[in-house]
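Please go over the structures that come below.
The same subunit A turns up in both complexes below, where it pairs with subunit B and then with subunit C.
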Partner chain A sequence: MKCTVCRGPALIDLRRHNANFCAEHLAKFCRDQVERAIHDFDMLEQGARILIAVSGGKDSLALWDILNHLGYDTAGLYVGLGIGEYSDVSGRFVQKFASERGLELLEVDLRSEHGYDIPTAAELTRRSPCSSCGLSKRHLFDRAAIDGGYDALVTGHNLDDEAAVLFGNVMRWQMDYLARQRPVLPERDGLPRKVKPLVRLTERETAAYCVVTGIDYQVDECPMAAGNKHIAYKELLNEMEVASPGTKADFYLSFQRRAVHQLDGTLAEGRESLGTCDSCGAPSPSDICAFCRLKSTTARENR
Partner chain B sequence: MKCTVCRGPALIDLRRHNANFCAEHLAKFCRDQVERAIHDFDMLEQGARILIAVSGGKDSLALWDILNHLGYDTAGLYVGLGIGEYSDVSGRFVQKFASERGLELLEVDLRSEHGYDIPTAAELTRRSPCSSCGLSKRHLFDRAAIDGGYDALVTGHNLDDEAAVLFGNVMRWQMDYLARQRPVLPERDGLPRKVKPLVRLTERETAAYCVVTGIDYQVDECPMAAGNKHIAYKELLNEMEVASPGTKADFYLSFQRRAVHQLDGTLAEGRESLGTCDSCGAPSPSDICAFCRLKSTTARENR
Partner chain C sequence: MAPIGHHGAVLLKLRNPNRTQTVPGPVKVSVLLDRLELNRESVLLIRNGTIVAGDTTLQDDDEVEIRPVISGGAL
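The block that comes next holds the complex of A and B.
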């Protein structure tokens, strides 16, 4: 198997691109795909000052590395979720990545700064862990991006993530979720601009990027995510991808190209009702935001 | 296992309805579901005069029986496709059904009336057999419904069929196809009103209806449909249905309830360009309609 670019020995084949790459040209391919996503979806101005949500996994570290390479002014934000050993190890991968490259890393610790961790929140609220975790991270990332005056909050959602979420939303035709499923959401009402530059790369590709560029990352999946429906959707999409390479990218990208703009009206409707949280001042559709409600539930139950 | 209605012995369980039925109440359930679809989607006026496209399979014969039961003025149309033994047997099931019930049956034979059959068309045109077959049936059913002055052309597409087609269209976001995927298409420009009253029933349910009401039908799948992509989509949807009963109905019906009307604009655009075929006068977007082109290709190649 030879590299499609240099004819040297290839180490990965990408069937949907009908291409094979050596280490050097795989890294170039990944950077080109991120650059193309940024260009095609008008994600970021050249040299923008951005905050990257980093988990210690392959996606967010690959993305940080690539955006740094592409000349953006980057800082990372890591939220310590308190999921035992898993979180400890994840945090150390992030710290090592940032210090080796001299990049700025912000850290928030849920337990010491906000009085709860994800396992406790999941147990006390009887929500799924992914739901408590998602809302906590969203709140803290949004706030840090606004408080720090960054041009955008950038997350490492890859093509597999986005296609699986789209698939789930389509299976139930959840029009409000579909309307918001865009790789760029503009700044509004106290929420930062949000951008997903990995939408043209699969998790296999970001993992390979980390391997060939020497990025150490948390390989384990989150132990609390087992049974998450998106994992089943990813498996279904992978089955279809094997039968017909390109299916996943076509599904996600043709939605962006042809369908999502038909839902502009739905998006506008959903936007009308955003006020601010009486407790913390964050943008919220209700008097007290979901994060403050979660904090007060866990504080009460922890007593 | 007891019948949910009468507590007698049940012979089928319908997990998505959380119900079991005996023969009598399964038949009632199927008729009720058809009546509900007709009502919910404003399909037919009470007692309308309708033409049913019948293939000899479980769906179209169950549908004919149910619509006859519900008091509609029905005639069937069978198109002989010339797919060897399969077509011969299918035709005999239709004739037996109609004659036993004293129902009017129209018949068109592709080979003797139009000079080709589906295997020949597929070979000569290098189209997939399903494509030649679909366009031939559409043309002949439309024409018969218009010429006979029927209030509607009714087809036996069931929930599995419609969900699989929707799934395929969604995977590629084919907006024009999505916009037209409705259980009712109104009459327009020389095309009859088209109605699909089986969209609330699966193929397992229509098969069970035939068994319990004594309808003999063609059990074999069409031998030319192997490899058809919709079969793979049906299998995927069935996997999801097993994991989560109701998935398939939710996918199709929530599309109808929430999404399809967002595409009214796309539907209107697609409608502008319909003229008539110079050769046969049928509605067509081009000078010569696809049916007449197929006829002339097969006539030329057959020479």
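The block that comes next holds the complex of A and C.
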């Protein structure tokens, strides 16, 4: 198998692009795809100051590396979730990545700074671990991006993530969720601009990018994510991808090109109902935001 | 830690949970994935720190990590 670009030995074939790449040209391919997503979806101004949500996994570290290569002024934010050794190891991968490259890393620890961790939240509330985790991270990332005056909050959601979420939202015709599923959400009412520059790359491609560029990352799956429905959706979509390469990209990118703007009205309706949390001041549809309610519940139950 | 006694076979290191398995070589990567009922979109094969292409034939005494690339959790 030969590299489509240089005709040297290839190490990976990307059927959806009808291409094979060596290490050097795989890395270039990934950077080009991120650059194209940023351009096509008008995500970021050149040289923008951005905050990257980092977990220690392949996607966020690959994204941080690529955006740094592309010349953006980057800082990373890692949230310590308190999921035992898994979180300890994840944090060490992030710290090693940042220190080796001289990049700015901000850290928030849920347990010491907010009085709970994800296993506790899952045990004491009716939320699933993934729901508590997602809620906590969204709140803390949003707040850090606003407080730090960053131009955008950037997340490592890849094509597989977005296709799986889209699949779930379509299966249930959740119109409000579908209306919000965009690679760029503009800044508004105390929420930062949010962008997803990896939407043109699959998980296999971001993992391969890490391997060929020497990025060490947390390979193990989060122990609390077992049975997560998005993983099942991803497996289903990959079955279709093997039978018909390019299916995932068509599904997600065609939704962005042809359908999501039909839901602009639904998106606007959702925005009108957003107020402010009486406790922390964050944007919220209710008097007390979901993050403050979660903190309050875990504090009460922990007594 | 590699187990003792895999000489004369391909040693596979699998994840989630971490475990090992041996298969007789030579065996082509794409054939191996079919035998293990693994989707090629869901894994990378890594040998000596390098990705192994799908048309590569693995030989006895090769040690190969089969690394899953699907991640879930909070999106």
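Quick notes on this structure:
What we mean here is this: the second predicted complex is superposed on the first by the 303 of 303 C-alpha atoms of A that agree within 3 Å, B and C clash if a C-alpha of one lies under 4 Å from a C-alpha of the other, contacts with A are read in each partner's own complex, and residues count from 1 in each chain.
Heads up, the rule we're going with is that a contact is a pair of C-beta atoms (placed from the backbone, for glycine too) under 8 Å apart; a residue touches a chain by one contact, two chains touch by 3 or more.
Fair warning: this is a prediction, and the values are worked out from it, not measured in the lab.
Once chain A of one complex is fitted onto chain A of the other, the partner contacts of A:Ala243 are limited to subunit B, with no touch recorded for subunit C. Put subunit B and subunit C next to each other and count what each touches on subunit A; the higher total goes to C.
After overlaying the two complexes on the shared chain, residue contacts for A:Lys234 are found with subunit C alone; subunit B is out of touch. With both structures placed on the common chain, the touch criterion links A:Thr266 to subunit B but leaves subunit C unconnected.
When the two complexes are overlaid on their common chain A, residue A:Phe255 makes contact with subunit B while staying clear of subunit C. Once chain A of one complex is fitted onto chain A of the other, the partner contacts of A:Arg300 are absent, as it touches neither subunit B nor subunit C. By the touch criterion defined above, A:Trp173 lies against subunit B but remains apart from subunit C after alignment on the C-alpha atoms of chain A.
Look at A:Arg126: by the touch rule set out above, it reaches neither subunit B nor subunit C.
The intersection of subunit A residues touching subunit B with those touching subunit C, taken from the two complexes, comprises 239. Of all residues in subunit C, those touching subunit A in their complex are 15-16, 39-44, 46, 49-55, 67-75. Within the complex, the subunit B residues that touch subunit A are 170-173, 175, 232, 236, 239-240, 243, 247, 250-251, 254-255, 257-259, 262-263, 265-266.
Residues of subunit A that touch subunit C in their complex: 1, 9-13, 20, 23, 57-59, 130-131, 133-134, 137, 157, 160-161, 164-165, 202-204, 206-208, 211-212, 219-222, 224-225, 228, 230-231, 234-235, 238-239, 241-242.
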